Amino acid sequence: MNSLIVLPILLPLLVGAACVVAWRYVAAQRILTLAGSIVYLAVSVVLLERVASEGIQAVQKGDWIAPFGITLVADMFSAAMVATTGVVTLVIVVYSLGSMDRPREAWGYYPLFNILIMGVSGAFLTGDIFNLFVWFEVLLISSFVLLALGGERAQLEGAIKYVTLNLVASAFFLAAVGILYAMAGSLNMADLSQRLGSAADPGLVTTLAVLFLVAFGIKGAIFPLFFWLPASYHTPPVAVSAIFGGLLTKVGVYALIRVFTLLFLNNVDYTHTIILWVGAITMVTGVLGAVAQYEFRRLLSFHIVSQIGYMVMGLGFFTPLAMAGTVFFIVHNIFVKTNLFLVSGVSHRIHGTYDLKKLGGLYRAHPWVGMLFLLSALSLAGVPPLSGFFGKLVLVKAGLGIEQFVVVAAALGVSLLTLFSMTKIWAEAFWKPLPEGTETHAPGAGMGPMLGGIVTLAVLAVVMGVAAGPLFVLAQQAGEQLTNPAPYIEAVLRVRGGS
Amino acid sequence: MNSLILRTASRFLLILLFQFSIFLLLRGHNDPGGGFVGGLVLAAALTLYAIAYDVRSMRRFLPCRAQTIIAWGLLAAAVSGVFSMFKGQPFMTGQWTHVYIFGVDLHLGTPLLFDIGVYLTVVGVVLIVIISLAEEVEEDD
Amino acid sequence: MTTLAFVLLGVLSLGIVLAFVRLLRGPNIPDRLVALDLLTTVGVGIAALYSIAFDEPVYLDVAIVLALVAFLGTVTFSRYIEKWAHHGD
Amino acid sequence: MTVLLWNIMLALSWAALTEEVSALNLAVGFVIGFVILYAVRRLLRPSRYFEKLWQGVRLGALFAWELLLANLRIAYEVVTPSHSMKPGVVAIPLDAETDAEITLLANLITLTPGTLSLDVSDDRRVLYIHAMYVDDAEELRRSIKDGFEKRVMELLR
Amino acid sequence: MIYAVLSGFVLALLAPALYRLSARWSGVVFSVFPAILALYFLSHMEAVVGGEAVRVAWPWMPAMGLELSFNLDGLGLLFALAITVVGTLIITYAGSYLHGHPSLPRFYLFILMFMASMLGVVLSDNLIALFIFWELTSVTSYFLIGFEHDKDTARAAALQALLVTGTGGLALMAGVLLMGQIGGSFEISALAADNAALQGHRLYPLVLALVLAGAFTKSAQVPFHFWLPSAMEAPTPVSAYLHSATMVKAGVYLLARLSPVLGGSDIWLYVVTGFGAATMLASAYQALYQTDLKKILAYSTVSVLGTLTMLIGLGDKLAIKAAMVFLMAHVLYKAALFLVAGSIDHETGTRDIRNLGGLRKTMPIICAGAAVGALSMAGLPPFFGFVGKEALYEAVTHGNLPVTVIAVLTSMLLFAVAWLAGIRPFSGAETHTPKHAHDPPWTMWLGPVFLGCLSVLFGFMPVLPEKLLSAAASSVLAKEVHMHLALWHGFNALLVLSLVTFALGVLVYWQLETIKRVTAFALPAVHRGPSHWYALWLRFLNWSAVGQTRVLQNGYLRLYLATIMTVTAVLAWYTFLTYGDVTVVAMDWGDIGVHEWVVGLVALVGAIATVRAQTFLRAVMALGVVGYSVALIFVLYGAPDLAMTQFLIETLSLILFVFVFYYMPPFKRFSRRVVIVRHAVIGTAVGAFFTLLVLVATSVQWHPTISTYFSENSYLMGQGRNIVNVILVDFRGFDTLGEITVLAVAGIGVYSLIRLRLGKGRGS
Amino acid sequence: MEALLAIVIGVLYASGVYMLMRRSIVKLIIGLALLAHGASLLVFTAAGLTRAVPPVIPYGEKAVTGVADPLPQALILTAIVISFGVQAFAMVLAYRAYQTVGTDDLDDMKATDT
Amino acid sequence: MVTDIICAAFMIIGTAFMFLGCVGILRMPDLLTRMQTATKPPTLGVFCLMVSAALYFPEIGVTIRVLAITLFVFLTAPVAAHMIGRAGYQVGVKFWKGTVMDELKDKYRGTSIDS
């Protein structure tokens, strides 16, 4: 059992290191990475199954009892995130095989990618607040490099903003952890949950909560801290954009949810109200940003912000139903957002541009690409019976349940504008006749793997809709766990390592 | 434009500091030191050498590419934690053993392997950074 | 002995202030560099006094490292100041 | 060099025997060991160890003396309000040839307060030093050549 | 029944493949499917008419109350038949109309999907399921309206329809969820059975408003009606299907379906009736001004939708009966007329009535179909439209006078409109048209003729649909009703009213231009208004989006930072001052030794010197001083490992600084003084907060720290004396593993970033 | 001493934040370095200071009390090394950006936003 | 007892030399004279303090470390001084007005840098 929780972290590390050893042999790196991501997916699915059937799993790294050692915990939320990561990773690896350019492959793309996944998994699985910081740094530095790899001007300019603002967030995060330790004397999150619950000065806990909110808020790209995201996400190669846009931003949201469901519960009226309204404003500003864009990936990038607002809003509602909806929404969004970026890569492959004004005619020439795009785009906009609808449905229901009408109205308005901008992409890139002067390339080799990845995720958007019932049962489990920390704490603090 | 005095001194210092770094690495578990500090000292010594001579001369000391050192360091650190998993214990549970070589009782454990991994990684990283940058600058000399 | 070490620690601290003033005043980069070098050397001395004052020899290890880095830093800066000078030609 | 090792071994044995491992006791052990080794030097293979060690000690003594003297002079310079110094850069022709010789010489010069090795000429024939009291440049050159340089070359050749 | 609905989706997905097998006769082939469905629904007729509802359910998302539950009652059956029968005709028609169109396979895909969705809407008993199908109709109609997507206008119309119905859809979603939440179930039958809880709830007005927003946008009620005429960009089969029999009727269906749940209240009465009445009159009036055949039909459709809405709003037995009859009549004639319009367009190349005339000679069969449709629409006996109109008059005269007046005026206008659309192109002299017209193939006249026959048949024998319509009305009224329909009611007030209507209608048609001139002043209000608002709204949306983005995402990193830091400072300070407790802070200045003062102050002055440094090297040196001071602080407080690491790292950082910035230009002073002051203030606010936080943290310790454990077990269990190192490599070795990974990646990153240059190379 | 260090930390954060907001990319990196110093000093100070007793178990003993808290030290060590790596990368990034864009003025690096 | 006195004496002398260096760097008029005062007395100071530490801790480990530090400092301090001096000279740092001669002038022509 205990190896199961470690593997999602260890496996990418080993594969990544092996790829560095095989620095000159790109083919070997490809095979290693592909094999690694297949195993990762298998492990993550088994883990999810285990958590679903046996409840929260925890393992003490190094066999040091909690709260002294570092605990790895897989509750439903974590396990779902890891499984999602598994799927997306495999898809992106396959897609990369077809789309990544040779120089980047030869200069460390695969090792970096693996380490990125390692960091993401670590962040999802750790039960220790400082360890979370470390995994954040792991995924950040890998993302820095992936973002800048290639050194094109736009990449560098975007990367500077991305790096700077994320490092600021890290400095805040570290400070917050330091203060937390100083006052509460522990780093284990389950332990901290108990300690903060009985803290002598709840006001100080609230202050600390706000500091965490800012730190994770920057990393998660909420209003008004999101600037780095739209500035950078559209600059690297599309596979990188996809993993960033799909997966990476959600880690910040994950952390936000984790600490605000486990640690900072002593002044929910204040903290979660801020979160709620910030979520609402985030989704509105994000979607308005998207409306203003005429570049495929920029538009998608702004939508990331908007949908993060949705997730944060769910946290702000903070009911079991809302949390279940949030989890469902996050998983859905990872698949769908990743896929939209992947589709943008196909259109780029064909017409050499991401500019919607220069694109066109894709529907007539490549109807299947059009259909695949639609599945994801409509799902993103929350059109039934695709995955996005159900996330939206649950969140809206949760919001109505606690009569947050204004926020719900904003959420619904945002989903309309999302639909609006998705149809903009559709109308411009797919429906509109190809403008004069835009060149067309033969898609060439590599289109197979690219489409393979896209089909997988598009099918998942449908499957998540059709099978929303059973999947939502899992999400509900996650929602219950997130709104009632007792089982989490028990799983962490009671469990001794060993098997 | 290089200084004869500096060169001569740095040759001597390299040997001295290499030894010192290993000393720091090995005793780190019981006294201040350890993989980080040891690795940084060696890296500093090599950096000094690179400054006194040039990067190309410094690279002659490396058995392989710097990134390979990094990779082996990472692997060593990661693998040190895997042993316990074969015994059914959680990842990174310390395994200790006594080894008798030439009548000396060596107390060896996976944390030491881990520290060696750290040491190698630190050395590799500092070197790769220095090499990249120094060559970039030397290009223009 | 400890008391003496404490007193001398105070004296060296004052020395640090003096060197620091030079570091701030310059006027040239090499002047500042000398001050920085001196600061680290005084740091080595402080480490020695500190280990006596607190009966804790581990600080001597810190002294070695400090001596090493002081040298490394000074050498690097000097080299680049020279390079700078020649680059300007 | 074997003899040096022997000497160190003897010093350590001394420390072990007396059950006191301290700097002072080790120094005592070293001296005692030296005496013993000197006494039995015929049993050993021919070695310049004793000569070299002697030269080393002499160089050390010279250096220590110069060091103390010059430090005091500088102390005087620093604590008195006026500057009585006459600084200048002086070129010193070198007889020392190897890297080690030149470096050791230059370092010794630098360590001695009042003089500072600035640079070695590209052909390694001249050492430029900065001195705080250049009353007479020739005198300075001579004192260095007869002092440190001679001793260094003795020791290293 | 689940299969009946869902098979449409499966078939839709297979359509492109099936198309290849059928090519030439694809329309006929695909029409078999709705025909079979129509037969299937007909087979349930007896049971349904007998008062049994057929019900099946499949749990989709039970936790959310979402079940795929289908309930076939009278209302459902009426609509299902309309959908499938008209669908059969439309698909047959489209096969010829769009013959050779490159996107024809996808047309089948979307139209079949649309049909299935529509069936889902009218058969679902579960509100969420209904909503899902509802949304699907909006989305599929987007693709159908934008079918000719090479045209800008088609894309714009598709978007307009989607946005308007989508907005309503979202309102409906909220309404549906609230209904379920308040009513405790999402099953309409369950809600209808106990509507008191819902209608008595304080949120009832909100629920109603939300649901009505959905229904009104979908059914194109004023002022949301503008999208429907624009949607005439769609190919004619689409218009015929969506905008006569199906999609736009969904709103009416919803009102009918939910009237047992939400209806009966005063708000319902006034709002629904009011909107309906306004719509019927306003759009009938607008129809007069149209010259495009399809637009005329579109506005008349809107008018009918208004009529139906109005009737449902009235909600009494007569009104509901009238609504059902009128609805059926409309389906029959409007689909026929659209198909006729399509055929004319197809054959002559134009739809402008000003250019059309005398087609009776060249297109006799079409002419016959058109005539029947138009006369039925005009409400003339013996067509079914007359029966419908009679029922309408009967209902409104039992209502109130204003409604009656509006109904008569509307009927009068529609009379003229019917003439305009259905008679005028065939009468008079032949005109010159882009193409020479003749009757289209049978597949294209089958629809109008079949529907015309039904209009005539039902007109003569209204008893035929009587049972079905009774069953439908029963569903709406939630009680058993029986209606008796007859062509001839005897000579009564209603007949007089009809005659007046005809007379006025003839007058209007005769004096059309005069009337248009005289009443033109009212046109902008109803016509330009809403679509103008839509355009304005789009422009505003775009403007605000661009403006907001330009302000927020301005590209200036320092402004981003300033924003973030200001937010941090304000939020943090506000929170602390509101909830925090400053009295916990205990500052002790007495215990600081001289050397400590010095080290601390050197760090402090070093930081300031770094900021104030005029050159790069000075800044780096000052930074080095800060770093060394920090290391010295580590020395002073028992952290030798840390101090060593800090010394080494600091030095290596300085070296890197020097390496990297060797060629960088000298510092420049870019910022103006005011900016500098502003930034200094922001920095100070943030810094002061951290000072405060540290003071608080050092004064407060709620719980003992866990580190005692490390001190106790480091040697015994961790086998090491240096506790920090044991923590690093054992207790928390996982952190270290991550940490060296960060280092490794950074190293590789530097290497790759320096070496790999895919851009244009060095710019400088 | 905590009081003095708290002020030092505040000044470090303040100057770091200030430097981040300069237009010169070099100053930006320096700002990050200051921020990193502030953060590590913060963790160190907040956890409480113990003078001169390093957390090392003396030879011959099995446990120790009254030493400086080892845990924050380990955390800071980790954080220091991490920020070294990250900063090294950030520096090179800045350098490459300067090379590619041709200026160190951040105001000339906003093409990706607008 | 004797050891204690020697130890204290070394400590005082060492500190004095270090402090001397600090005063010197502030007082001396130009770079090279500052270096004369700032690099050498402190080196001697380190030596004295190390001797003092070696006497204070009667452990072989400390002795070895003291030896290492001393060796290291005596090896590196002059090299560092040489490097700074050379750099200063090359970048053309101005000499004190009382400087009597410069025989290195021919090798480099000083380049002034922005400091």
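We just call them A, B, C, D, E, F and G in the order they show up, numbering each chain from 1.
Following the convention adopted for this analysis, a contact is a pair of C-beta atoms (placed from the backbone, for glycine too) under 8 Å apart; a residue touches a chain by one contact, two chains touch by 3 or more.
All figures in this text were calculated on a predicted structure; none of them were measured in a lab.
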Separation of chain E from chain B in steps, with touching chains one step apart: 1
Of C-G and C-E, pair with higher C-beta contact tally: C-G
Centre distance in Å when chain A and chain F are each reduced to the mean of their C-alpha atoms: 27
Geometric centre distance via CA averages, chain F-chain E, whole Å: 49
Whole-Å gap between the CA centroids of chain B and chain G: 31
Distance from chain E to chain A - Cα centre to Cα centre, in angstrom: 26
Junction residues of chain C, two or more chains touched: 12, 14, 16, 26, 29, 32-33, 50, 58, 61-62, 64-65, 68-72, 75-77, 79, 81-84, 86
Of all residues in chain E, the ones touching two or more other chains: 550, 553, 555, 557, 561, 597, 617-618, 636, 640-641, 644-645, 648-649, 651-652, 655-656, 659-660, 662, 690, 693-694, 697-698, 701, 705-706, 710, 713, 721-722, 724, 728, 730-737, 739-751, 753-755, 759-760, 763
Contacts with 2+ other chains: residues of chain B: 3, 5-6, 9, 13, 20, 30-33, 36-37, 41, 44, 47, 67, 70-71, 74, 78, 81, 91-92, 94, 122, 125, 129, 132-133, 137
In the complex with chain B, residue positions of chain A that touch it: 2-3, 6, 10, 13-14, 16-18, 20-21, 23, 59-63, 497-499
Chain A residues touching chain F - in the complex, by the definition given at the top: 130, 133-134, 137, 140-141, 144-145, 148, 151-154, 156-161, 163-164, 167-168, 170-171, 174-175, 177-179, 181-182, 187, 227, 230-232, 234-235
Touching residues on chain F, where the partner in the complex is chain B: 54, 56, 77, 81, 85, 88, 92
Residue ranges of chain B touching chain A (in the complex, touch as defined): 65, 67-68, 70-72, 74-75, 78, 81-82, 84-85, 88-94
Of chain F, residues touching chain A in the complex: 16, 20, 25, 28, 32, 35-36, 38-40, 42-44, 46-48, 71-72, 75, 78-79, 82-83, 85-86, 89-90, 93-94, 96-97, 100-101, 106, 109-113
